[in-house]
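Two complexes come next, and they have one chain in common, subunit A, joined by subunit B in the first and subunit C in the second.
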Partner chain A sequence: MMNFGFKIAPSATINLDNVDMEKFTLLHEMEPDVYKCMACGSCSATCPAGRFTGMSVRKVILDLQRGREKEAVRMLKGCMLCGKCSMVCPRGINTRHLILSVCRIYNEDKQ
Partner chain B sequence: MIGMIFILTWCTVGMIRIIANLPKDDRKRFFLSLVNPKIMLKNIRDIFCDCLFHVKLWKRNRLLGYMHSSIAFGWFMLIVIGHIEVFFYAPHRAKLLYFPIFFRYFMAEDDSTMGGAFFFFLMDFFLLVVLSGIALAIVKRVHSRFFGMRRTTNPSFMDLVGLYSLWSIFPLRLFAEGFTADISGGSFLTESLNHVFHAFLGNHMNMLPTWWAYSLALGIFFCALPFTRYMHIPTEILLIPLRNAGVRIRHPRKGYAEAEVYACPSCGVCIDACPMGVMKTHIKDTTVYLNRQLRRHNETRIEEISDKCLLCGKCTAVCPVGVEGDRLRIAQRSARKYNISPDYSCIDTDILKKEASFRAPASGKVLYFAGCMTALTPQIRKSVESVLTRCGTDYEFMDRDGGICCGRPMLMAGRFDAAEEMIAKNTDIILGSGADTLLLSCPICYRIFRENYNLGKMRIVHHTEYFAELIGSGTIGMLHGSDRYVFHDPCELGRGCGIYDEPRAVLSAAGELVEAEKHHRESICCGGSLGSLTLGFGKRQAMTENALHNLTAASPDSIVTACPLCLSTFHRYADRPVMDIAEVVDRNMIPADSNDIDD
Partner chain C sequence: MKENIVIIGGGIAGLEAAGQLIRLGYSPIIVEKQDHLGGHVAEWHCLFPDMTPASDVVSRLTENVSEANIFVNTEILFINHLKDSYNVMLSNGISIVTRIILFTTGFRLFDASKKEEYGYGVYDQVITNRDLEQWFSTGNDDRVNSRELNAVGFVHCVGSRDEKAGNGQCSKVCCITAVKQAIEMKQRFPEAQVYCFYMDLRMFGKKYEDFYISAQRDYGVRFIRGRVSEVSENIEGKVIVKAEDTLAGKPVKVTLDLLVLMAGIVCNPDCTKVASMIPLQMDSDGFLKSRDNIMDITGSSRSGIFYAGACTGAKTVPETLAEARSAALDIHNYITSSRI
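Moving on to the complex of A and B:
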């Protein structure tokens, strides 16, 4: 194969049929508001941890919906739980409790 | 008699269990404090003031105080005088515990007891005191408003058993002693009752059933005691020396926490105090009910109650026995297991250190840490910076572009390890800067900096204190306007750190200061607190409106607070301007230099 010095980016396609949504269903039961998120990014904009660790609640919710647990868990480890995200959320989601629920349901070992 | 033995063994076993569950160093401290004469005196004074006289309840409401202290102190005096009587007239029986209780039953009046009229009078007097207390207690069950309590605790079944047996003990004692007054002697109360009885009951055998009933009521009360709220009577006597020895909650259920839970008398003073109480659905989430569920080990309810609380600390401030509702709840939260634990090791503190470091030698300089919340209310940091610049203070802004959280929100969620990690990072940055004053704008940060950080000799001040000092020392002058201000005491600054006078001094310099209906230690949480994990926005609105209603009682022109979180919460629903104290200072200040020019 010819080497051009660059490649096509790996596919970002997610096959939702292969994703185990059991934990997300459980999360949705505990936090019905998780579907309320419209991914506006207010939470990410205010997050003080975002500057250092790349934490973003918006991305965490999206990743979990798409079964990308590993990325979500990596971000959550940087959360400082200051609660500013829940203060600015235009949808009134209690993101702080959502984060704690995610920390209870999901595992960091099973990455 | 059975009741007596039962309760004594129960209390001894319970006491040993609590002491055994204390961490080792705490236990050592406790035993050492018992032999320390200064603490011993304080113990004795506290036990008398709190357990017998209920001084804190007197301060709250006189009728409520009288009710509690009449029963407690009256009963105590009955026991003491009863023992003195026995000691005088039947010294050979003095070792029997039951003898003083049934003294009048055993003793017949003769020449030797005639001299006891004085004691008889005292006994009758204190019996009357107790009876009046019980009469008030019965009235309180129906009309608690007379006692300054809007709501009272809903008693559980066992509490009712204890309550009714307690209520019946003293009237029965009166009847029993009344029946025997002509044999054993009595005084103004029992003897006159005796005459009444003799009008229609001539036979002395009638006295037996009343004495049985009296002894039965006593027995039931003491046997039921460990399962009722009346367990607070013996527990409080243990709690007071423990508290004075400096023991604190270390474990969510054992040791000091257990002592606090059982020391709760279910009086319900915390129900009216709780800011969540504006909504009826939250009444069962107050500290009284937390303690009840903790006694019952009802895990689901414990979790619900401890997660919902705003941690404003008002229940702790008003509690007559000193149960720390907020700390108890944080301890419950800390017992929770999370699968994902935070890890901040990847945070690079070098950039932050560079931002915080001073260009010139840093001694005598101020490091300003605005905190996460202040980033949402930029007017505060703007005002603080403006004041600092105008009075020529050399300062450095530690988190201009956002810094590491102080750790208090994490601590409130009960995750101590993660909080410790943040504390370590921040300590590193702050000590590295070399400044000797740390200026804070957020009371949430301020509290954890005072309680959990070890910054050596560095001075930690909140901007209210700092401004009060600047005004006091004449560094800045204030233009006294005609505005009426009301100050809202933020929970963490007031109850948390005891800062009440400084902000008021600043405001009185700027204009007319009026007080809210409830202020200082009793100030009502704005409802925006980070303490609550589960309360959503919709549920907080009623609390905020209630707090605003309380603040505007004296119709001030503007509401002033000193917490970014209170500020943004009040902004949402307030009908008049809400400001931070820094804004007031910034607006009204006259720098000392310009003062000189005017002169």
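Moving on to the complex of A and C:
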């Protein structure tokens, strides 16, 4: 392979064919309401940690379904478990409980 | 009470209006272009949000019009404007002199092959909402391979909210139809992944939001916010769909066994033709122009001409039925007030 001194950037495209949904299925069994998220963003808007750490529950839920688990777990490190997002969620998702379940399922292999 | 009332279109609006007029003591005449009554609803399998069989709705409406004069397979050749009435010439050679014409000419589904990038008519695995609904009813469609259906996609807003496609309007009912059809696919193929590609989800009607939540929570339908940009075929004969996941801000692609295009609602071109004979004004959205879009949606700018249903814009079944009843009452009032 010729070395040009630069490489093509990897594609940013999310390929849904390759997303492993096994853990998400497990999460869904523990937290059936995770499917109810409609990405309105009220959780992120109210999150006191969000503006400092980039924490966003709606993004976590989305990333997990797009195979971006590392990013999701990294984001969750900013969460203080204050539970404000649970109070504002219009779909009544227990986001605080959901976050704990995500940590339990996805943190096992220390990503 | 011998007053001719011509109803153009034997869809649900025409049937309901005729049924109400019969109950009021009139004898309406229904002119239907196709060989069957019930219009689009007769071709549908079941209706949101309670999964009511469409055939039940049509047969109930048809029962009420057994006394009406019904001409199927009949078109309007021309309409002459006489002094204070209209002479309607039908393709079966009958001509009717009437003071009152009710337009229940309905809509036509947008021709999905116009959006070439979505591959309708090009790839075998791409069908429309109407094709899928017929497959639900009959089970006959070579494009749907039920033995190998692991991933299904629905594309919202095909020929709706699309100025370039010549239809800037929201077709209103396709969001909820997609949710309904996605649920039905999940019921038939619980293991399949079902994706909906949407711009907005407009769940405006009674129980629609519940239906949407149920699609998410109970059926696991996956909603992806972003308009599909293009569809291609891979070597195995599956379709690859590309879109932007606007919530993630990233391009997304997925391989599907079946893609369903939610074709939008446009004004029936036959209606435009008949309207030009009188002539009637068209509104800026391409549908018939009501006398007033708030206070008098069933009235036209011409005396004796009335509208009901989707000829004035996209409507749900209950909205169409309500409008048909309202038009029947308007016609009754028109007749009684002119008699004095």
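Details
Keep this in mind: the second predicted complex is superposed on the first by the 96 of 111 C-alpha atoms of A that agree within 3 Å, B and C clash if a C-alpha of one lies under 4 Å from a C-alpha of the other, contacts with A are read in each partner's own complex, and residues count from 1 in each chain.
Heads up, the rule we're going with is that a contact is a pair of C-beta atoms (placed from the backbone, for glycine too) under 8 Å apart; a residue touches a chain by one contact, two chains touch by 3 or more.
From a predicted model like this one, the values you see are computed outputs, not experimental measurements.
Partners subunit B and subunit C fit side by side in the overlay (superposition on subunit A). When the two structures are aligned on the shared chain, A:L81 is found in touch with subunit B, with no touch to subunit C.
Once the two structures are overlaid, the count of subunit A residues touched is higher for B than for its counterpart among subunit B and subunit C. Of the two partner chains placed by the overlay, only subunit C lies in contact with A:A12; subunit B stays clear of it. Taken over all C-alpha pairs, subunit B and subunit C come no nearer than 15 Å in the superposed arrangement. Residues 33 of subunit A lie in contact with subunit B in one complex and with subunit C in the other. Taken together, the subunit A residues at the contact with subunit C in this complex read 12-17, 28, 32-33, 35-36, 38-39, 58-59, 62-63, 65-66, 68, 91. Remark: subunit B residues 307, 336-344, 346-348, 372-373, 375-376, 399, 401-405, 407, 409-410, 413, 415, 418, 422, 528, 530, 533-538, 568 touch subunit A in the complex.
Residues of subunit C touching subunit A in their complex: 193, 195, 201, 213, 216-217, 220, 222-223, 225, 245, 247-248, 250-255. Here subunit A touches subunit B in the complex through residues 33, 46, 48-49, 51-53, 73, 76-84, 87-88, 92, 94, 96-97, 100, 102-109, going by the rule given at the top.
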